[in-house]
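Each chain carries a letter (A, B, C and D) given by its place in the written order, and its residues are counted from 1.
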Amino acid sequence: MEFEESGIGEECGVFGCVAAGEWPTQLEVAQILTLGLVALQHRGQESAGIVTSNGSTPPTYTTLKGMGLVSTAFKPEDLLKLKYGNLGIGHTRYSTTGISELQNCQPFVVDTLHGKIAVAHNGELVNAAALRKKVMRHGVGLSTSSDSELITQLLALTPPMEEVDTPDWVARIKNLMTETPTSYSLLVMHKDVIYAVRDPYGNRPLSIGRLVCIWDKEGDTEGWVVSSESCSFQSIGARYHREVQPGEIVQISKHGIKSLSVVPRPEGDPPAFCIFEYVYFARPDSIFEGQMVYTVRQRCGRQLAIEAPTDADVVSTVPESATPAALGYAQESGLPYVEVLCKNRYVGRTFIQPNTRLRQLGVAKKFGALTDNFAGKRVVLIDDSIVRGNTISPIIKLLKEAGATEVHIRVASPPIRFPCYMGINIPTKEELIANKPEFEDIAGYIGATSVRYLSVEGLVAAVQGGIESCGEKEQISSRTKMSKRIGHCTACLTGKYPVELEW
Amino acid sequence: MEFEESGIGEECGVFGCVAAGEWPTQLEVAQILTLGLVALQHRGQESAGIVTSNGSTPPTYTTLKGMGLVSTAFKPEDLLKLKYGNLGIGHTRYSTTGISELQNCQPFVVDTLHGKIAVAHNGELVNAAALRKKVMRHGVGLSTSSDSELITQLLALTPPMEEVDTPDWVARIKNLMTETPTSYSLLVMHKDVIYAVRDPYGNRPLSIGRLVCIWDKEGDTEGWVVSSESCSFQSIGARYHREVQPGEIVQISKHGIKSLSVVPRPEGDPPAFCIFEYVYFARPDSIFEGQMVYTVRQRCGRQLAIEAPTDADVVSTVPESATPAALGYAQESGLPYVEVLCKNRYVGRTFIQPNTRLRQLGVAKKFGALTDNFAGKRVVLIDDSIVRGNTISPIIKLLKEAGATEVHIRVASPPIRFPCYMGINIPTKEELIANKPEFEDIAGYIGATSVRYLSVEGLVAAVQGGIESCGEKEQISSRTKMSKRIGHCTACLTGKYPVELEW
Amino acid sequence: MEFEESGIGEECGVFGCVAAGEWPTQLEVAQILTLGLVALQHRGQESAGIVTSNGSTPPTYTTLKGMGLVSTAFKPEDLLKLKYGNLGIGHTRYSTTGISELQNCQPFVVDTLHGKIAVAHNGELVNAAALRKKVMRHGVGLSTSSDSELITQLLALTPPMEEVDTPDWVARIKNLMTETPTSYSLLVMHKDVIYAVRDPYGNRPLSIGRLVCIWDKEGDTEGWVVSSESCSFQSIGARYHREVQPGEIVQISKHGIKSLSVVPRPEGDPPAFCIFEYVYFARPDSIFEGQMVYTVRQRCGRQLAIEAPTDADVVSTVPESATPAALGYAQESGLPYVEVLCKNRYVGRTFIQPNTRLRQLGVAKKFGALTDNFAGKRVVLIDDSIVRGNTISPIIKLLKEAGATEVHIRVASPPIRFPCYMGINIPTKEELIANKPEFEDIAGYIGATSVRYLSVEGLVAAVQGGIESCGEKEQISSRTKMSKRIGHCTACLTGKYPVELEW
Amino acid sequence: MEFEESGIGEECGVFGCVAAGEWPTQLEVAQILTLGLVALQHRGQESAGIVTSNGSTPPTYTTLKGMGLVSTAFKPEDLLKLKYGNLGIGHTRYSTTGISELQNCQPFVVDTLHGKIAVAHNGELVNAAALRKKVMRHGVGLSTSSDSELITQLLALTPPMEEVDTPDWVARIKNLMTETPTSYSLLVMHKDVIYAVRDPYGNRPLSIGRLVCIWDKEGDTEGWVVSSESCSFQSIGARYHREVQPGEIVQISKHGIKSLSVVPRPEGDPPAFCIFEYVYFARPDSIFEGQMVYTVRQRCGRQLAIEAPTDADVVSTVPESATPAALGYAQESGLPYVEVLCKNRYVGRTFIQPNTRLRQLGVAKKFGALTDNFAGKRVVLIDDSIVRGNTISPIIKLLKEAGATEVHIRVASPPIRFPCYMGINIPTKEELIANKPEFEDIAGYIGATSVRYLSVEGLVAAVQGGIESCGEKEQISSRTKMSKRIGHCTACLTGKYPVELEW
């Protein structure tokens, strides 16, 4: 399903770049930042922004912001403005509140006693309300309801003891991290340095890449990039280096990368990387915790085939996000994989008045049925998640009208039942199909022959350990060990939040 | 490969709708026309236009035109303007000349002695130059270089003998058809009637659908639609009815559809439906000559596997258009099908200055490599066509860098070598890779381990007859008969044009 | 009163330019055309268009069109496109029909047997309906309801007897002029020549200017311009040369200007230059028939003071168009001239919902009262025309509330009572205040102490002869002679049309 | 001269409105705010913003902001958003820095410990640098370089001693006023109250108006408005009430207006209302210190006639701002007043490449010469100020070419020689013509026959006292008394700043 329809949305993507030497040139830094944001576009389409710094003392910052996709927000002539920077950070934003305004567009730049800092943030502070009060009690006025503005003011406000004349941004960042446990992946730029920060629970992703020379000294390091997802590295000629660890502060400058500190979690707390990054948000070619997202989704499909086998003729996908799970299901079940839906790439907003019969036809403008591939057959249709239940229903109708004798829905993730307070935009509890009375007879409600979901345990296993039947035994033992170090937030499925929520 | 990059482009899509009774309402007619064009958007993204008629005497026509995609060109408030029509025709345009202006946007409406007609046209007149001269010699000034304006003026100008006071549009259309053999699929609206016309060679497609009641009397006919491709029928709740035959004039009104005439080809000339509609242009869920385009493409892939088998580990696709051929190749060859490329849905125009090293990275912003699926393996990569050779090259590089040991390119169509004069925008002969010296060592040129194309005979067989190994024997015999009635234009592959070209 | 509010509108302005030598350069020709249209902007604000020709054989034409003011319609980068032309014509359009579409934007370019011509037209053909029928009977389809398209098709269609191989555009233009007597001022560009044409009645204005060298050989001729109004000459460094005479065809090329022909009126018919060009439309610094428009308006004010003297304290104006008449009235009456209204230059469209009390305040957002200048005084307020009567009323209210003891309205033109069929957009007969019952007590209706209009005779005298009391005796005798050669259309005031109207 | 060309610019206009009862409705409050800003548009055209409050506890604020003129910035549908407010404040902004961004658009809204406040500001803080440092030292990050953001943070930050649980905004405002002496006219909205504040020197204007019932109980108070200039009152049906006094804090609520405090200036300091508000910025129908701006300008013209009499034939104006001075000069000198220039209302930005000869023609596209009114005559041309000297020069050339035998420039204000630090955007000292060597022979430089400026004493006399020769003797005595209470900032003319400047 598409993000827009399912109503689940990621908050943001962040991206940073530092040139190490002559290459990339200043113009290329601007282009790398742009391409990096394009590759993170799936994490936010509302607005985009870039701030570059020339790195001198005092630094000159150049800001470029706009509404919409990167390609809309930045015009070619605008990009030229950015060219006077050797380093920079960028941000793509997903609107969580419906208030879509340029003033919420990140990165935020504020002038402080120690010069200007620029901040780009992905996540949501669990204790934002208390922090806002604290900041305002100190006499600071806040212009937006954004957590990211709050973070910039906290960084400006908290002077650590030992700071006398020169600013100690690392101490300030650590201070911030003790004030708020999660969730944030953060880029803080000051003068000629970018600090890449991940909250102690590692709830949001953040990866580092190395810009590699493609000319004279092929393979030499020519700069560093940092990104919400590693999928952005290929498009700019960077190599995956490593993830920023939960709680870690990494300093990135033209001299290289340097781990400055790792702020620990409370004793006994496991990390809590958002499991829905695997299931849903991330681009399939991104790598988290050493594994490719596509592969995890394929394992989810295999696990689903084990948990919810089906007596049917063909397996298919709701393109495009469910395809790895569908291929996994096909592999595991032995059923042939075929395509049953063809997507119209050009569907935009078309304006159908609400009270017309055409509303009934709904999703059909988005998909066409590949009739010959399934007419007269029993179809297993894999979807990656069913959130509200209103988009899968017309697809089922379409397939049945085109001749499918049975349509079995298999969902490659468990039902979502609880709100997220850590950066994901989930419909209200009441809107979630899993909390409605209709969920009792979900198959009847959406018109399917049968409906089955992946179990929470199955999902965690697929994410954390691989599945026995895959013949990945050796891997499993090592993964089991890793699972002590790893751990995932499944709050939206289980209601178990990684930290206690204050109200 | 995407249309934009390959440089091959369809000229247009046409769509018409007539309401038979109360339903669809006038507002819904406007919406059906809009949705119909959205479903034909792949045939042209430059501009869109709709003209509706209220059907009365004299008729009132309402016109809506705009640049860009349907969703951009028509604003919600604009659509309300269209609501006073019981019938209408629409058009999406692909820019063939680079001159992108609103005045070229169809349908064209002209006032004639017998009232206004509206015309939507897909195709290109092979004898346009001679016809222009003829029209101008008669004293008509032509505002555009468009064949479609030429057609409207020819319809206005040619009064057949028998026409006295009332207009005889059918005679005028027949007259036009004797003046120009190909290529055109044409919708001519006058007052309360749409004439759907296909040239005698049937070079461009045109299908009729029936609007079906989804309420009181389920299944009853409530109107008629006509479209370049049947893929647009599902999205508006219409059922595929039949194709307009080569040379046929079909009258569509609220009283139903009526075949008025079939203008014959010169004795012995076979029909010449454009084979590239199957290979490339049409949406996979469209139906031509009784067969689904997806199925034909799959057969092309199977045929390719027979003609060009490969010693490799996995088969994959350049998403998304080559996927059916890749699945066919996998089926026939027995090699496993995997996905190796992940597409960034949000790539728009990003502005990379030409003289920077980032240019080198090229296509990578559009695709990500799904490394785990092919690292250390020999990959057969299926593409639907290679026109210029400049887009496949960076993909191969991407796969090799990500660990593919061999990358064998298999192209599910023969090399394009000749220009098209019948509505397809093909690069100049010099730009076509198949005409360049580099084609001698095409594999070396694009960096592939090996390159093989489907043969012309193989393509024709896949299109016309199915393949024995598919176990479609029964079908084949019937198809063989059909092949007497059918026939395809392969001019861009063979240089054999269906009619003699005048210069 | 502003055009927008009064509901009277001019159809268009036309402008042409031919470079004689090296200067103006091609880029400057484009700029001269743009500046020329800016100076004619008061004649039409709906759309603007320019076509330039490089003058070669065959010529290359470049077209630039856009909606809105010249400054909106043409972007800087667009203007560069025009730079490859040594000559060109332009057009600004006023929407007369409410249908505001780019396809009505002039100049029109059509391809004919003898090459492309471009046409720009100001006026309206009195026998348009009959001509349309004639053209369509010949088999020509017309795309718009525009008279200007009709003119282009008539030019394309009418091959004069003597024309064999080479086109005889002059014969074609003459032919056109015999088919339609009025009204048109026309620019026809073909290859390297512009034909400037005025209809036999001279209903619409057209003047020729000489581009003068401001460099090396100061004063030398460097090109020619032709314009609806001479006010456009100053802004481009041109000198007023002369008017195109009624019925005259002037050929303008790099070799200079040449009068080719003067098509006569029917015996006994006087010329019929639109008197409202003086009263209302033209810019005050334009020159018609040897006199400056401002001076004529001032004479109207003096004549008004003679016809309708007032016992009052001060004379003032509704800025800005009535100011010359007000100054004339003050001079003649001996009353002091003061300003009572101050205009807000920035009033744009602000959106006041119709059913609120703010509507009552109406015009006040446009004008402020300069209270000190008239509080406690009796004011004579001069307006140039009262068309609907709905805009002067709130002004009177404003002045009274600010302390004027009496407000006497004196209108420097007679009441408009009849429609115009020659290019002016006048409200329907029913909307004209002069045709309403309320006109009986117009003063009471609009809230004035008294209302008086200039007489038709007074207006004609002011336009044609000057006024004795001005001490212009010598001038008068010469003007009386001229009045045999001159004559004015007063149809909207008197119902006497210069030609018989066919229906 | 136009603002844009002269390079002098006002910073902003502020406007507020509180409804007292049922009328104005919430929708009308939004419209009154819009119309109020339209009437202040001459004070700033870069951006516009409005914030309304519903007045409840806690209040809901609605914000609307946009770039450009009010009519561009606010779309009709946007205004509907504002309709849920009984009170609100608005702002129009003039770009002083060249950085034109939406984030600088006022009013600023910040959330504080005691709820949200909205602030609109006109002026510039003389000690901004020191205050910024102070605020940042407290740990506040500043997002913009705007003084207005600084003010909002100072209001948020400074908790006065006596404030315990409930906020004491008045004490906070007083506190602010002790921190910074000038210049600011300020509107601070909190919940259901607007505080209207003028700095102790009264450098920027601020007036209060009373919304008057125009229906049932005609004349009853229905609300209150506050505005930079009283010219905005007429357009919304408000009556001028009084000015906010220097140093005064006026509370405006639905219960009426209440003077809360007057913060005094240092002993002996006179007030310092900007004299250029009279000369240049304000709309002529605005009232400051009991006198209409138009009348003051007329007095400047009379004084100029006394100081700089001319032997000439006619007096005229550079329309439109110099007209009152020109009429005053004509009255005093006895020379006849005529119009010599006609303005093209439609001149927008037209794009003339810098290196073409058309540049030479410059201002001519903006003005036409009314030749008949001055050809062969000696002209006195009144201008309101000459700042850079580059715009008057082409006007003089235009008049001379059109036949003026002499052109004497008389400037109705003294030469500007010094920078302003209190809110006016003046060109750099080097750019000011009065500081250039060319000023020695300014007449020669600009091509005039002679040039004379009004003296500083003459300007002050015209502003403060009226002139004896006007026969305003009685007034003068009262004005002389008033002059003890009044006083004006003439820093840009004399270099004498009202407060000592810190650096």
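One rule holds in what follows: a contact is a pair of C-beta atoms (placed from the backbone, for glycine too) under 8 Å apart; a residue touches a chain by one contact, two chains touch by 3 or more.
Keep in mind the model is a prediction, meaning the values are calculated, not measured.
Taken together, chain A and chain D share no touching chain. Two copies of one chain, chain A and chain B, touch each other, and the residues they use overlap strongly: the shared fraction of interface numbers exceeds half.
Per-chain CA centroids place chain A at a distance of 37 Å from chain B.
Remark: chain B and chain C have CA centroids separated by 50 Å (rounded to whole angstrom).
Averaged Cα coordinates give chain A a centre that lies 62 Å from the centre of chain C.
Along chain D, no residue makes contact with two or more other chains. Every residue of chain C that touches chain B in the complex is listed here, in rising order: 102-103, 108-113, 117, 132-133, 136-143, 145, 152-153, 155-159.
Contact residues of chain D toward chain C in the complex are 23-25, 27-28, 31-32, 34-35, 38-39, 41-42, 45, 69-72, 74-76, 79, 214-215, 231, 234-237, 283-285, 292, 294-295, 320, 323-324, 327, 337-339, 342-353, 356-358, 360-361, 364-365, 368-373, 398.
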